[in-house]
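Scrolling down, you'll hit the structures one after another.
There are two complexes below, and they share chain A, which is joined by chain B in the first and by chain C in the second.
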Partner chain A sequence: MATDLFVVIVGCGRLGSYLANRLSRAGHGVVVIDAEEHAFGNLSPEYSGFRVEGDATELAVLKQAKVNQADLVIATTRADNINLMVAQVAKTEFGVARVLARVFEPRREAVYRCLGVETICPTAVAGEMFLKAVGGEGSA
Partner chain B sequence: MREARYLRERYRTILSYTGLILALCAGLMLTPLLVLFAWPAERSQAWSFVVPAVLMGASGLVMWRWLRTKDHVVLSVQEGGVIVLLSWILVCLFSAWPFMDVTGLNFTQAVFEAVSGWTTTGLSVVDVTQAGHLILLWRSIMQLAGGAGLAIIMLSAITGPTGPALSVAEGREQLVPHVRQSAKLVMMIYSSYIGVGMVALRLAGMAWFDAVNHAFAALSTGGFSTRVQSIGHWNSVAVEAVTIPLMLLGSLNFVTAWLLLRGQFRAVRRNGEVRVMVVLVPVCAALLFLLTARGLYPTLGERVRVAVFQAVTALTTTGFSTVGYGDWNSFGWMVLIVLMLIGGGTCSTAGGIKQYRIYLLWKSLVWELRRSLLPRTAVMENAVWEADRKVFVNDTRLRQIGTFVFLYLATFAVGTAVLAAHGYGLKESLFEYASALGTVGLSVGITSASAPAGVLWAQIVGMLLGRLEFFVIFVSAAKLWQDAGRMIRRAHAG
Partner chain C sequence: MKVLIVGGGKPVYFLCRTFLAKGHEVVLINPSQDECVQLARRLKVTVIRGDGSDPTILEEAGAHGADAILAVTPNDQDNLAVCQLGSMEYGVPRAVALVNDPDNEQVFQKLGVTAFSGTRTIVSMIEQRTALDEITNLIPVGEGKVNITELKLPADSPVVGRTLRELSLPADSLIAVVLRNGETVVPRGDTTLRPGDRIVLITLPANHGPVIRAITGETH
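Let's turn to the complex of A and B:
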């Protein structure tokens, strides 16, 4: 990955804080957004980015996090629809170069792809790995 | 057993980073030798710099190389505080060496001068008419580096731990969402200030050597001068007119400066610190002009100059002076003491309680009054502007500020009492300790080569507490104490 990206991460839960910690440690500028202040407790002491408390579906909150200057936006809230909405807004309203969204429901992935949003689906990834594990055992 | 091993691991890392800071400061200690090109006659003093620098550098490198661990270690805020505390104490001790060697100060006086330098205070026991260029430049360089934030700049800009632990300990905020980039930006802003300052002072009529020293001392809000009468030596409108904005820049929050540079004037105008400064400087200057300077100085122009300059030098905690305060009335002293206690902006090179805290306390007073006038169930929006965003102030924040101000004033009272116990008048003691604790450097004559050791040590403690963040110092010192006790107990048990 290129050095010194400006990354905005929406949602500071397990995945969001994991990404934020790792990216901040790697030297990137990171801003995390979460509606609940206590979610920032997931961040480790080495995280040196900014924290924005607010609802990421509001334009003002995204503006405050300077999404318009971001090189990368990652949406990791637990609601698929919020992730989609944030991703779309980041892409179309703010013109962010690269937008990634987490989506739990595998069936939605196709729809998101049509909308031009890059997705990662933990359910599908885990499912593949389960199948591989099962299939590997069965075939061998 | 496992706890002892864990603690040993942590302290290895802490000491290795401290070693790195020492090594870098050793390099800094050699920079005054550059004046030898211009004044080769002072060659004989060079050893007084080379010997401590080599000692400090060697021990630092050994600590760093030998204790460094391979694994990635994340420092907590308290551990960052321990690094900052340790490295400040060690660096100040080493920096005192040239003063003992060249100017013949005793240990207490030399440490006082070094601490006054690194903490950007500017109280001095050195006779500047006798001191050579080497010593004078070394004093200014200490202020330059101390103002920039010794540990964070040294470590985060170049190498070292990620995470905001060190900046918190030195009372700094970040400009951009990463410590290292933030430290680089601060460095860039700071060095461009210095460049502009040097040229401006030269154009205002100083010689190059004086211009360099005063630019360092003004922008770090330090206040060491190469002349006995400080800025008053030149008695020139141009010099004062250049110095005032330099001092104000030094006490301006770097975050605000960054906003200014990017042209976000609206955010600057709404900023609490800027508002405090904009109100305090003219009001206090006007009060000094009307009630203090009137009888003392013959011409109107001189009165205005004196009033404005003293208000700015006290509030920015720089401590350059243009006049003596012996003949001032009590009101003038009072104004200066209050300004020195308030101090400059957070995340700047200034000291004091900080304008931001004063602004929040003032705001909370207003909110409290308004709340009592509103119906009981009314919901209020208690918000202030911080950089370019609106921040809601909760009670935890106000409680922290309240405790801080109490601690600050309590330290102020204790320090003043120590000075008064040595036989100085209450007025003088209040003034001098406010000056030391706020890292200002204005003096009414208590600080001198003949001051008793007890007074100097009380001021040394005040300057260190005033420069670093109070709470972090206390917590780090407590942690050091506790951990040392644990390690010793374990060693005995094992």
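Let's turn to the complex of A and C:
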């Protein structure tokens, strides 16, 4: 990964805060968006990025977080639809070069991959790892 | 026509009722057990409890054979997902989403989903003086770039008794249809306007006010 990226992370839960802490420590510029203020408590004391409290499906909130200047947007909220919408808006409306969305539901993931949204499905990833661990069928 | 509606609350109840009254088949998707029971009791619709953006639920609701899908939940992200899945995965020819954030109207259009904003519609109605009694209807179309207004000509209107040719309406406006005694007249230059005529006007937001003033004779 290149250095000095400007990254916007949507959702400051376990995954969002993990990514924000790591990317900030690695020297990248980071903005985290979350609708709940208390979610920012997940950020480590060394986190040096910005926090934006608001609903990321509201265009004004994405503007406030300067998504238009982002090199990378990662959507990590618990809701697949929020992540998918934010990813598409970041790409189409703000022209962000690289956009990643977490999507839990594997069937939804397939549809959105066709739309050109880069997705990571924790269900499928964990499933693969479990299968590999037990060396069973399907572990290619 | 088979219409799938995703959402809840009174707007959905009345939407369903209206579609049913027009003879359409309606399938409703709603996440709340209680609301589903209520709606199923009150309306002759198939009600499916679940998340309308879940492909399994859409299939159960018969998305494959639907003619239209309408997503009117309070969450823009869900409305977008419902419409995108509906049109792309199930080939529903018409997918319409409600946007709660008016800014999302254009965003959704860019993403290939027809969207309408209740907020924007109400604001434009108020701004464009629909409070005027004679105006019975106003619809912004083409992303708000064009207005279609229906209004009744008051007896003291300066245009009454004159032909369309004699009118000097501002540029880029058109009297598209005249409704007179229950009949529809597509007017020509020699059509004379009469008191009580209901006319359908096409205007642009920029000239809407001046056109309305020219027709009603109001000066402010």
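The definition used in the following text is that the second predicted complex is superposed on the first by the 135 of 140 C-alpha atoms of A that agree within 3 Å, B and C clash if a C-alpha of one lies under 4 Å from a C-alpha of the other, contacts with A are read in each partner's own complex, and residues count from 1 in each chain.
Methods note: contacts are C-beta pairs under 8 Å (C-beta built on N, C-alpha and C of every residue); 3 or more make two chains touch, one makes a residue touch a chain.
Because the structure is predicted, anything quoted here is derived from the model rather than measured.
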- Task: Record, for the superposition on chain A, whether partners chain B and chain C clash or fit.
- Result: fit
- Message: Under the stated touch criterion, which partner chain does A:Cys114 make contact with: chain B (first), chain C (second), both, or neither?
- Response: second
- Message: With chain A as the corner point, what is the angle to chain B and chain C based on their C-alpha centres after superposing, as a multiple of 10 degrees?
- Response: 110
- Would you check which partner chain A:Gln64 touches, where first means chain B only, second means chain C only, and both and neither mean what they say? first
- Item | Which superposed partner A:Ser24 touches (first chain B, second chain C, both, neither) | first
- Which superposed partner A:Gly49 touches (first chain B, second chain C, both, neither): first
- Report, in whole Å, the shortest distance between any C-alpha atom of chain B and any C-alpha atom of chain C after the two complexes are superposed. 18
- Message: List the residues on chain A that touch chain C in their complex, please.
- Response: 57-60, 79-82, 84-86, 88-89, 92-93, 105, 107-108, 111, 114-115
- Message: Help me check something: in the complex, which residues belonging to chain C touch chain A?
- Response: 53-56, 75-78, 80-81, 84-85, 88-89, 101, 103-104, 107, 110-111
- Query: Which positions of chain A touch chain B when the two form their complex?
  - Reply: 4, 6, 24-25, 27-31, 44-50, 52, 64
- Task: Spell out the part of chain B that touches chain A in their complex, as residue ranges.
- Result: 72, 74-77, 161-165, 174, 176-182, 388-389
